[in-house]
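Chain naming follows the written order as A, B, C, D, E, F, G and H, and within any one chain the residues start at number 1.
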C-alpha cells in the first residue's frame, strides 16, 4: 500500500513528505505506523482537520500538527542548513494560508524565512518600500492570486531566484488560479520560475534545492 | 448584402465602421460604392495591404489608407470633440501596431491623444515617471500583451477611467492574448474595464463614449 | 498580515475595499480593528452571512451590513459626487443579487443610480421602452448572464459609456459566466467595455472612474 | 475506399453529400466515378477551388460547381418539395459565404429560400423591419459570428423553428466561432436549436428535415 | 424586479416560463403573485424541492408541482395542438430525469409524446427495433450523455427533425456534458440540431416550434 | 426505464454492468429486480454507500457489496478464464481506491491479478525492482494521477499491452485528472493505450478483451 | 544529438522508430547514418515529402519511403509474427491517410492486417455487414474523426480488444480531433482503449503489444 | 517607441534582451541603433532568419547572429561568472533547437554549460547513466516535449535546482506544449520549477539568477 522511499534523503537531500488529500484514513494510519519506527523526519501536507481528527489517537499524538497550514511533522524537523534564507512575499491577505504552508515546509526543511504580507501591485508603494529587505534573502517566493502581477514586479526589482506560487484565490476568470499561473509563466520579467497552483510545499522545496546548492559542504556529504 | 446603418450617428454618436477581415473584395467594393454617395465619414479597420491592393482602383483611390494600422477613412474624419484627451500607454514595442490602430481610430473620431510606449512593469520606473503626464488625460487606454500586468499597475496609480486592451503578442501560454485578457479582467486594481484581444478599434470607441459624456452640448444635440 | 493603503484615496480617488471571500475570520477582525481607528470609509464585499456571524461582536456591530448584496460599510459611505448618475440594467431577475452589489457599491462611492430590471432580449420591447430613460444617465452598467446579448443591444441604442458585467447565472455551456463574458467581449456594438464575471464591485468602480472625470473640481482637488 | 450509401434516400429522405475537406484528389475522383454511374444526385461541400482544379477533367466537367459557396452538384439537384420555404438571415456581410453554402444546399435539396443579409443587433431596427417577411417562412436559419446575439433576438420575435448557425468570423475571443456557438446554445430565447460552427450544409439539412415533415405525402412515400 | 412578457404568446406562440435556478425565494413569490392574477399558464423549470418548500404556502399551493422533473405549472397547461407528436429517446437510464423535464414541458405546451428509454448504442439492437415506432412521430428528441453517439445513429435512421439534447451525466472527460454536446454538434449524420446541455425545457420548445409549423391554422391565429 | 442487454455476453463476451452514479434509487431497485430473475451475473460500479443504504432491503441483501471500491455483484461473478493474468500498478497510495475498482472488476470478470502499489517515478527504483514480476503478467494496467509519468516509464520497460488509467487525484493544474490523461496520451513510449479518467471498470474490461483473445477456445464458444 | 536505444528490441519487443516532425534535416541525416551501420530495422514516421527531398541523397536512397503514409523503413521490416491479425476500420474516406499510417506500421512490425474503409455510423448497415469478418481478427483498430461514434458501435458488436484512434479530420468543434478523442474516452461500450489524435503509429504499436502476447514463444525469447 | 532599461543590470544583474517575434523591422533597427551607442551587451531572441535578412545592413553587421538558435548578441557577451555551471538535458532530438536557445543565452550571460541530449524516459537507462555527471552541475535545465516525464525522473534523481522547460514539440493533445507544461507543474518530484513553453531564454535566466546567488562577491557589487 505504501513503499517508503528510504534513499530519498541521500538522492535529493530532502526528507519524504506525504500529500494527504485523497488518501484514506486507513492509508494515513498505515504510513505513520510504518515510518514512525524509522525515526526519519516526515512531513504531512494538506492534512485537513477533519482527516486529522479521524486518525488513530496514538497516531495523531505522535504528530506535530498545525491546523492553519494543514501540515504535520513526524519525528521532528530536519537539521537546519547553515547558509541561506528565503523571503516569502504575498499579494494580499487572502494568500495567507498558502504562504503559511510555504513557511511550515521551510521550517521542516531547516531553512530560515521572512514573511512579507499584503504588498500587491494595486498599491505599488507597498512592495517597493520592502524590496531592499527582500533582496537580502537568497531566494524569493512570491505568492499571488487573481492576476498574479506581483511576480512580474518583484522579478523586475530583484536579482534573486524567484519562485512564483499562484494561489487559487479569486472568482470569475480567476477562479481556481489559472490566471495567476499563466500570468507568472508569461511574465515579462526574465527568469521567473513557477510551481503548480496552491503548491506551497513545492515552492518551499524549490527554495530548498537552491539553498542546498549554496551549502556545498552539506551537499558534498549527500553525494 | 450590406445595410448601411444611417441612424447610427444619431443613436450612439459614432460614425459607422467596417471590419474588413473575412469580407470578400466584392463586398468591400460594394460597401464603399454605397457609402461614398452618402458623404458620411466611414472607417475601415483590419484592411490589410493585400486586400487593399485588390480593391477597384476608383474605390481604393477614394480611401485615406494607412498600411501600418491597417485602417482607411472614407469621406474624411469626424469633426473634433471640444474637450477630452486620451493617453494610449503600451507595455512594449511589440504592442506598437495595435496602439497605432487605437490612435488612428481616435483621429477618425476627432479625439486628441498621447502615445506613451514601452513602459512595461519589468522596469517599473518607466511607467512611474510618466504617470503625472498620463493622468492629465481624461481616459487611459493600456495596451499590453504577455501577462498584461501594466493595466493593474496603472490602475493603482491613476484615478482615470482605464480601458485595458490585451494584445495577442506572446508565445507559449501567452499565445493569442488570453493571458493578458484574463489578467486584466482579474486585476486587483479596482474599476479597470477590458475590451476584446486586439480590438484597438473598440478601445478607441470606448474612450470616445466616455469623452462624449464630458461634452454635454454635443451630447444634447445628439438626442 | 494587512497593509492599509492610506494613499489610495489621493492616488485614485476611491476609498479602499476588502474582498472577504477566501479570508479567514481572524484576518477580517484584524482588518476592521486596524481601519476602524482611521475613520476612513471602508467597503467589504462578498462578505457572506456565515462569515459575518463569526466576526467578533464588537467588530460586526461597527459594520453597516447588507446580507442580500453581501456588502458592509465601515465608517459610513463616501461623500456624494455632484454630477453624474448610473443606470444599472439587468437581463433577468436572476441577475438581481449581482445588480444589488453594483448598487450598494455605488451608494458607498457617493453616486446616484437607477435600477432597471428584467429587460432581456428574449422580449426586446422591454429594453426598448426604457432606453430614453436609461440614456439620461451618464454611465450604463449592463448585467446579464446566459448569452449576455443585452449588452450588444444596449450598446447599439445608447451613446453612453457601457460597462458590461457578466453574471455566472446559467447552466450547461453558460455555467460560470464564460459565455456571457465572451459574448460581451466579442460584441458587435462598438466601444463596450467589460469587467470580470460577477464583479459587481468592479463595475461600480469603473462607473465611478468615469463619473469622477465629469466632476473636474473634485478631480483637481485629488491631484 | 468509399461505400456509397444507396439506401440513404429511402431512410432519411436526403440524397448523399460528400465533405471534400481533408479528402485526397484521388479519393474525390474515385467517388465521382462511382456515383456518376448511379444517376443519383450527389452534393459536394467544402470543395475549394484548388481541389476542384486538380480533379480529372472528365470528372470536373461532370460537376455543376460554384466556387463562392464551394459546392458542386453531380447528376443535378433533387426534385423540389411542394410546401415550405426557409428564411436565411445573417448578422453581417462577413457571414455571406457561409449563408451562400446554406442557400446552395437548399437549392440542391429542392427547397425555396429568401436571403436576408446584414441585419445584426448593433442596429436592431434592421432585423425588426424585416421580421414580418421572415416569419412568412416555415423555418428560419440565423447565421451569425462574433457574439451571435442575432439568434436570441430573432428567437424572441419569431414563432418559427430557428436553426442557429454560428460562423467562425471574428477575432480575439471570437476567433473560430466558439463564442457565437455558445451564445446560441445559452440563448435566453426558448427553443432555438444550433448546428456546428460553419456547418452551412447541416443547417440546410436541418431545415429540410422540418420542411419534409410538413409535406406528409412525400414523407409517406419515403417510408 | 420582474417584467411579465405579456405579448410572448402572440409573438412566438409559447406561454412564458421561469427558470428558477439562481432566483431567490422572494423573487419567485413575487413572480407567482404577479402572474397568478393574469390567468395565463406559466411554467416553472429547475424548481428544486428545497426551493419549493421555502415558497409562501399560498404560492406553493397554487402550483401543480412535480418534484422528479423539477417543474411546476401555474394556471394549468396550454391548450393541446391538434397535429404532431414527439418521440423522446434516451441512451440510458441515467438520462431519465432530463427526459422527464422534456416530457413535462411538452405536456405544458399541449403536445403528445412517447418516451423510449435506455436504447444506447452499446447495444445497437435496442434502438434499431424501435425505429419504425419512433419514426411515426413528427419530431425526435434524442437525450444522451457520455459520448452522445445515439444522436448520430438515430440521425442516420430517421427522416424526422432531430433535436439532440446532451445530458451532463458522465465522469472524467464526460463530466458536465461537453463531450455529448460536441459529439452531437460534430455528428456525421446530416441535419441534427442541438440544444444546451441539460436544457430539457429548450428541447421541448424546439419541438413545439416545429409542431406549430405543422398546425397552420393555430399559427395563422397567432400572427 | 431499463432495457436489459441479454445478448451482450454472446456479442462481446462480457456480462452487463450498471454505472450507478446519476441514477435514482427507484431506477436501481427496478434494475436489480429485473435482472435478479435472470440469474445472469451483473456488476454495479460507482455505487456509493449512501445510495446503497437507500436501496430496498430485499434488493441490497441480494448484492455482494464492497464499499471501498464502490462495486456490487448480483448473481455472483463470471466463470474464471483459463489463461492470462493482469498486473495493476499504481503511482501512489492515493490511487488505491481506483486500483481497487480495477481489481474488483477483474474478480467479477474471472481474471487473476496482482496489485503493485506506490511505485511512482519520483523514486524510480521502486518500479524498476518490480518490473520482472510485472512482466510475467499478460496485461499491465498502470494507474496514476498528477503528471502520470509512470505509464511512460512502464511502457519503456515492458513488452506487454499497457492500459493506462488516469486518476483524478491531484490539485491545481492536475485537478480532475486531465494532466495525467493527456500525459498518457502523449507518452513517448510506443503503444500505450488509455481509458477515461477514473474509469477503473473500463481499464479492467480492456484487459479482459485482451485476455479473452488469448483464450481462443472460450472465444470460439462465444461466436 | 541522438542516442540509439539498442536494448529496446529486447526490452519491449519493438524496433525503434523516429518521429520526424519537428526534427531538422541535419538531425535526420545524422540518425540515418548512425543506425544504418547497425543493420537494425528502423521506422520513420511523419516524414513529409518536403523533408524527404531535403535529405542527403545517399541517405534518402537507403530508405524505403511511402509518401502517402509519410513513413520510411531503414534496413527493411521486422520478421513477421506467427499468429494474430489486425482489422483496421475507418469511419469515412477522410480517415484514409491515417489508416494507411497504421497499415504501414503494422507492415513494418510484421503483422497481417485487413483495411475496412468508410463504414461510419450515419449508415449503420455498412459496419454491421462487415462485423463477422472484422471479428475474425485478434485486434480491431477503429479510426474515426468528427464525433467518433464508430468506436462505440464497434465496441458493442465485437469481443476483441479495440484500439480507438481519433483523427483530426473535422471542422468547427471537431477541428483538431478533440471531439473524437473525448467521445472515444467517454464511450458507453465497455473496455475501449484510446491513443492520441492522429497517432497511427501508436495504434499499430498497441496492436503489436497485444499480438505479441498471443505469440508466447517469441515473447519468451525476448525476456 | 523603445525605452532602454539602463538600470536593469544594477537592479537584477542581467543585461537587457529583446524578444524579436512580433516586432517590425523598423522597430528592431531603431533598437539596435539606440543601444549600439551605449556599448552595453544586448541579447536578441527569436530573431528568425527572415527578419534578420530585412534589417539594415549596418545593423545586421553589428550583430553576432546564430540562425539555429535564432539569437544575436550586440556589443558581445557579458563577463563570465566565476562559479557555477548548468546542465541542459533534453528528452529527444526534437528538443534540440530549444536547448540551443538555452545554451546561447547562457553563453551570453557568461555561464558554463553541458548539453546532454536525447535521454527521454522511453529508454530510462539513457538518463540514469548520465545522472552523476549531470549532478556535478549547480543547476539542471530539463527540456522536454510530448508528456514531459523526463522532468519528474530527473527531479527524483537530482538534489539540484531543476528548471523544467516544456517544448511545443508534439501533435494531437501534445500540440503546442500544454501537456508537457502541465506535467511539469503537476510533477510528483518535489521542488521542480517551470518556465513558459518554448521559453529557452527564460530558463537560462532562471539558471543565471541561481548561479548569481552562489557568487556572492559579484552579487554584493550589484547592490
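We take it that contacts are C-beta pairs under 8 Å (C-beta built on N, C-alpha and C of every residue); 3 or more make two chains touch, one makes a residue touch a chain.
Small disclaimer: the values here were computed from a predicted structure and weren't measured.
Undergrad: Looking at the contacts, which chains touch subunit E and subunit H alike?
TA: Output, common partners of subunit E and subunit H: F, G.
Undergrad: At the subunit C/subunit E interface, shared numbers over all numbers used: above half (same) or below half (different)?
TA: different
Undergrad: More C-beta pairs touching across which pair, F-H or A-C?
TA: Per the contact counts, F-H leads.
Undergrad: Mind checking the centre-to-centre distance between subunit D and subunit E? Centres are C-alpha means, answer in whole Å.
TA: Inter-chain centre distance comes to 26 Å.
Undergrad: What whole-Å value do you get for the distance between subunit C and subunit D if each is reduced to the mean of its CA atoms?
TA: The separation of the two C-alpha centroids amounts to 44 Å.
Undergrad: I'd like to verify one number: the distance from the centre of subunit G to the centre of subunit H, where each centre is the average of its C-alpha atoms, in whole angstrom.
TA: Inter-chain centre distance comes to 36 Å.
Undergrad: If I count partner chains per residue in subunit E, which residues reach a count of at least 2?
TA: Expected reply: 11, 122-123, 155-157, 172-174, 178, 181, 185-186, 190, 196-197.
Undergrad: Throw together a list of every chain pair that touches.
TA: By the stated definition, chains touch in these pairs: A-B, A-C, A-F, A-H, B-C, B-D, B-H, C-D, C-E, D-E, D-G, E-F, E-G, F-G, F-H, G-H.
Undergrad: Name, in rising order, each residue of subunit E that touches subunit C in their complex.
TA: Residues in contact with subunit C: 1-3, 5, 7-8, 11, 19, 21-24, 27, 31, 46, 166, 168, 176-178, 181, 196-199.
Undergrad: Spell out the residues on subunit F that touch subunit A in their complex, using ranges where they run on.
TA: On the subunit F side, the touching residues are 93-94, 96-97, 117-119, 122-123, 125-126, 145, 169, 171-175.
Undergrad: Taking the touch rule as given, give the residues of subunit E at its contact with subunit G in the complex, in rising order.
TA: 91-92, 120-124, 128, 146-149, 152-153, 155-157, 170, 172-174, 178-180, 182-190
Undergrad: Write out the stretch or stretches of subunit F touching subunit G in their complex.
TA: Going by the criterion above, the answer is residues 11-14, 17, 135, 138-139, 155-163, 181, 185-186, 189-197, 201-202, 204-210, 212-214, 219, 222-223.
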